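My questions will all concern the structure given below.
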Amino acid sequence: MFAMVKNVIKNLFSRPSTRLFPYQTREFFPNVRGSIDNDPEVCIYCGACQMRCPSEAIVVNRAEKVWTINPYKCILCGVCAQICPKKSIAIHSEYVHPQSSKVKKIRQKKVVEEAQSHA
Amino acid sequence: MNIQIIAATILLAPVIGGLIAGIDRIITARMQHRVGPPLLQPFYDVLKLLGKENIAVTNDQSLYAVLYLVFNVITLVMFVLQMDLLLILFMLLLAVASLVLGAMSANSPFSKIGAQRELIAILAYEPILISSVVGMYFVTGSFSISRILQIDRMLFIDLPLLFIAFTYVLTIKLRKSPFDFSTSHHGHQELVKGLTIEYSGPSLAMIEIAHWYETVLLLLFAGLFFANNLYVAVAAIAICYFAEILVDNIAARLTWQIMLKSTWIPGLLIAVVNMVWVYIKYHV
Amino acid sequence: MAKKTILPFGPQHPVLPEPIQLQLVMEDEIVVEAIPAIGYVHRGLEKLTETKAIAENIFVVERICGICSFMHALCYCQGIESLMNITVPDRSRFLRVIWGELHRLHSHHLWLGLLADAFGFESLFMQCWRNREMVMDIMEMTAGSRVIISTNALGGVRRDIDSDQQKFILNSLNKLQEELDNIKRVFSDDYTVNKRLVDVAVISKEDAHELGAVGPVMRASGLSFDYRTTGYAAYNELDFEPIVEQSGDCYARMMVRLRECYQSIDIIRQAFAKLPEGPIASPVKGFPSGEIATRVEQPRGEVLYYIKANGTNHLDRLRVRTPTFANIPALLKMVKGLTLADIPIAILSIDPCISCTER
Amino acid sequence: MMGILQTAATKSPWIVHFDCGSCNGCDIEILACLTPLYDVERFGVLNVGNPKHADILVVSGTANYRNARVLRNVYDQMPWPKAVVAVGACASTGGIFRNCYNTLGGVDKVIPVDVYVPGCAAKPEAIMEGVLQAVQVLEKRKETGETYAG
């Protein structure tokens, strides 16, 4: 009948195992898939990630050199980072924080405008 | 003087009841290896509920919630004014009856089944409650609390078995596992929240406050067994309540069939043995 | 003659986190009939797989069910691999077993917790889920994600487990086994738990066979069948016996799953002991054609995939028969004549996964 | 007095969880939030399972033609003030199931959503953060006395 007593008493007199989020944030393991980012300077805007993304979260505008990901569509499978020819897409362990609206993450090559104005 | 006592009771009892509920939640959380809510959490809950919209499915529903609170307050005040114990038990029954009526008035199968189960629970604990009062009568010769308090003997020495039976039904009254089938503190049961499923906002807050009064009353009742020594009584109440929390955490929810069997056969048996014993001791 | 009440059990109900509705026709508290209403989770996933590329479909089938996602992907990959005659490297076969058994561990712990919750044992629920977090940490470390781990790929696996991780896993499993001993004592010996489980919702050996029950439901009724014994992935090189209980009630089903937790720990240890060195994936070229049916033993029973490919990058048809679907006839037989209090336990005892069933 | 009521509202958000067509991944992470390692009861969060008692509706999974009505019902049964948290990619936009024939997309097609939690499956930390953000929304609603806006 009292098989649980031992567990319960042991729990009562030991420190709770709770991770005190958000007061203490825990260290994520390396290689955890939390959020996806692109380095706009390295990226060649080939569009391979857009082609292979299973949930169609990535949109690449080759003409204007804009890389957009919708983190609210992304399923964090990591295929984009795996197949990226320049390895410009990186997966960070920090997760995307909740927001009140679905904000897209836009990465754009900064020198683009200058180059265009020179031309 | 009386008015002051009454006012103090009405104001202090929910504070004490709420604190007990807060301590209960913290200890329960620690037993589950969690940190648990802050101590004042029950007050936050109730204050929040008071500020919410009241969705009533029938006209009388909110009235029954108020009645449940009022009857509980009256019962506690009667207890503090040291009135007749039998009368107090009947007032307590009226309180539960209004809760049952409120649940029955809503046209929801969940709350109706919860109400039926609560009626069965009344059937289970009421004989034990009455027999413990009768046991006290056999020892002291009176149903009145004021007379019981004048006896300079610890009632527990004469009524140990009745006290055990009383703590057993206390689990049902406090709606703790294993007997929390009509309504439970957490909603994860087949009836969701059973009796209180159709209440929301202020009405639910009133039921919560009424629970606090009820808890205080029941613990005072338990203290009555140790009434001649205040320290012993307080310690006994604390141990009693801790035991309830412990049982809550080490038992699965049982069915009402098992509850009825266990309260009526062993529970009533030890109650009757104890009553016969004190009757022979003091009256034969 | 008692009045009949119809109790709508679900689609939103705290005991049953998943949306299925059972209209329980009750006389007092006895259930005389249970009418299921389904479709709340139907997404049309099988149709979706026809529009996606074959490699992308792994991520789609993983999301048939978040609890046994690895098994779904494994079954799909094994089907495609055998259509394309790909030999999977030895190391990846063992890694698949390891992840598969980790999934079984976490699924069974989850189930044990939910069962405890269904019979109102909150602290036991918390204890099971606390232990489960050890497995989740292993998942997060090895695969990068807690629930949907996405480690399967055509021709092998996507991630490797190195020796540091291996040490961490084995340590965690030792700790987990100690904790399992603690909860096993409660589940098997506690008076109140036994009162709620023993002789509840009995399915006899004949019924289990006739109604086509699979997985722990079947094994709890005394039928010794486990698809792992046929030796897919690396199971043919590992030593284990199907776990069988005889009584066919909720208690037996619980015991089967509890003992399978120990078995899974044992299998993972064996797999690590035998883990060969080498590549983790073989190259995949071209597209499959032809049709095939593959099976994998999930935590809930055996899942069957029918794949029809036509030599292009898109499938013609994918059909999934999930274990919960196979167990529902047994469930409907169980619930008749039970009291209301036993209904959540009976439903949970088949470990229903509605999102698998309706896809 | 109103001040006390307002602070109380932020300290006791009761949640009701509705699984709309989720793959269970987010559901079990929501449940994991209640368990010892994350323990949302620290913030007064209880999973009440009854929309009439709840303040925050936590939805996981895509809305589809069958459960949209149920979702709307659950939302309508909650007393004001209330907030909605959409957990996971599916609940936000439909995620990978967006193009399935039976799905409507995110739950915001059916009910107004206040906080979107991304991820597949969303991490317990993210879910807790989302619930805490929803608490802020509740507080604001309490202050402005906002009532049914549709």
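In order of appearance the chains are A, B, C and D, and numbering begins at 1 in each one.
FYI, a contact is a pair of C-beta atoms (placed from the backbone, for glycine too) under 8 Å apart; a residue touches a chain by one contact, two chains touch by 3 or more.
Quick caveat, the model's predicted, so the values are computed rather than measured.
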By number of C-beta contact pairs, the top two chains: C-D
Distance from subunit B to subunit A - Cα centre to Cα centre, in angstrom: 52
Centroid spacing, where centroids are CA-atom means, of subunit B and subunit C in whole angstrom: 43
Inter-chain centre distance, subunit A versus subunit C - centres from mean C-alpha coordinates, in Å: 28
Subunit B-subunit D separation of Cα centroids, rounded to whole Å: 34
Contacts with two or more other chains, residues of subunit A listed in rising order: 2-4, 8, 11, 16-18, 20, 54-55, 75-76
Overlap residues in subunit B, where contacts from two or more other chains coincide: 29, 31-36, 186-188, 192, 249-251
Subunit C, residues touching no fewer than two other chains: 13-15, 59-60, 63, 121, 123-127, 130, 145, 148, 190, 192
Overall pattern in which the protein chains touch one another (line/ring/star/complete/other): complete
Complex contacts: residues of subunit A adjacent to subunit C: 1-4, 6-8, 11, 17, 28-29, 31-33, 52, 54-55, 75-79, 82, 91
Subunit C-touching residues of subunit B, taken from the complex the two chains share: 28, 31-34, 109-110, 112-113, 177-178, 180-181, 184, 186-190, 192, 249-256, 258
Subunit A-facing residues of subunit B, complex: 27, 29-36, 246, 249-251
Contact set on subunit D toward subunit A in their complex: 36-39, 42, 85, 89, 92-96, 98-99, 106, 114-120, 122-123, 125-126, 128-130, 132-133, 137
Residues of subunit C touching subunit D in the complex: 11-15, 17-19, 39-45, 47-48, 51, 59-60, 63-67, 69, 110, 113, 125-126, 129-130, 132-133, 136, 145-148, 353, 355
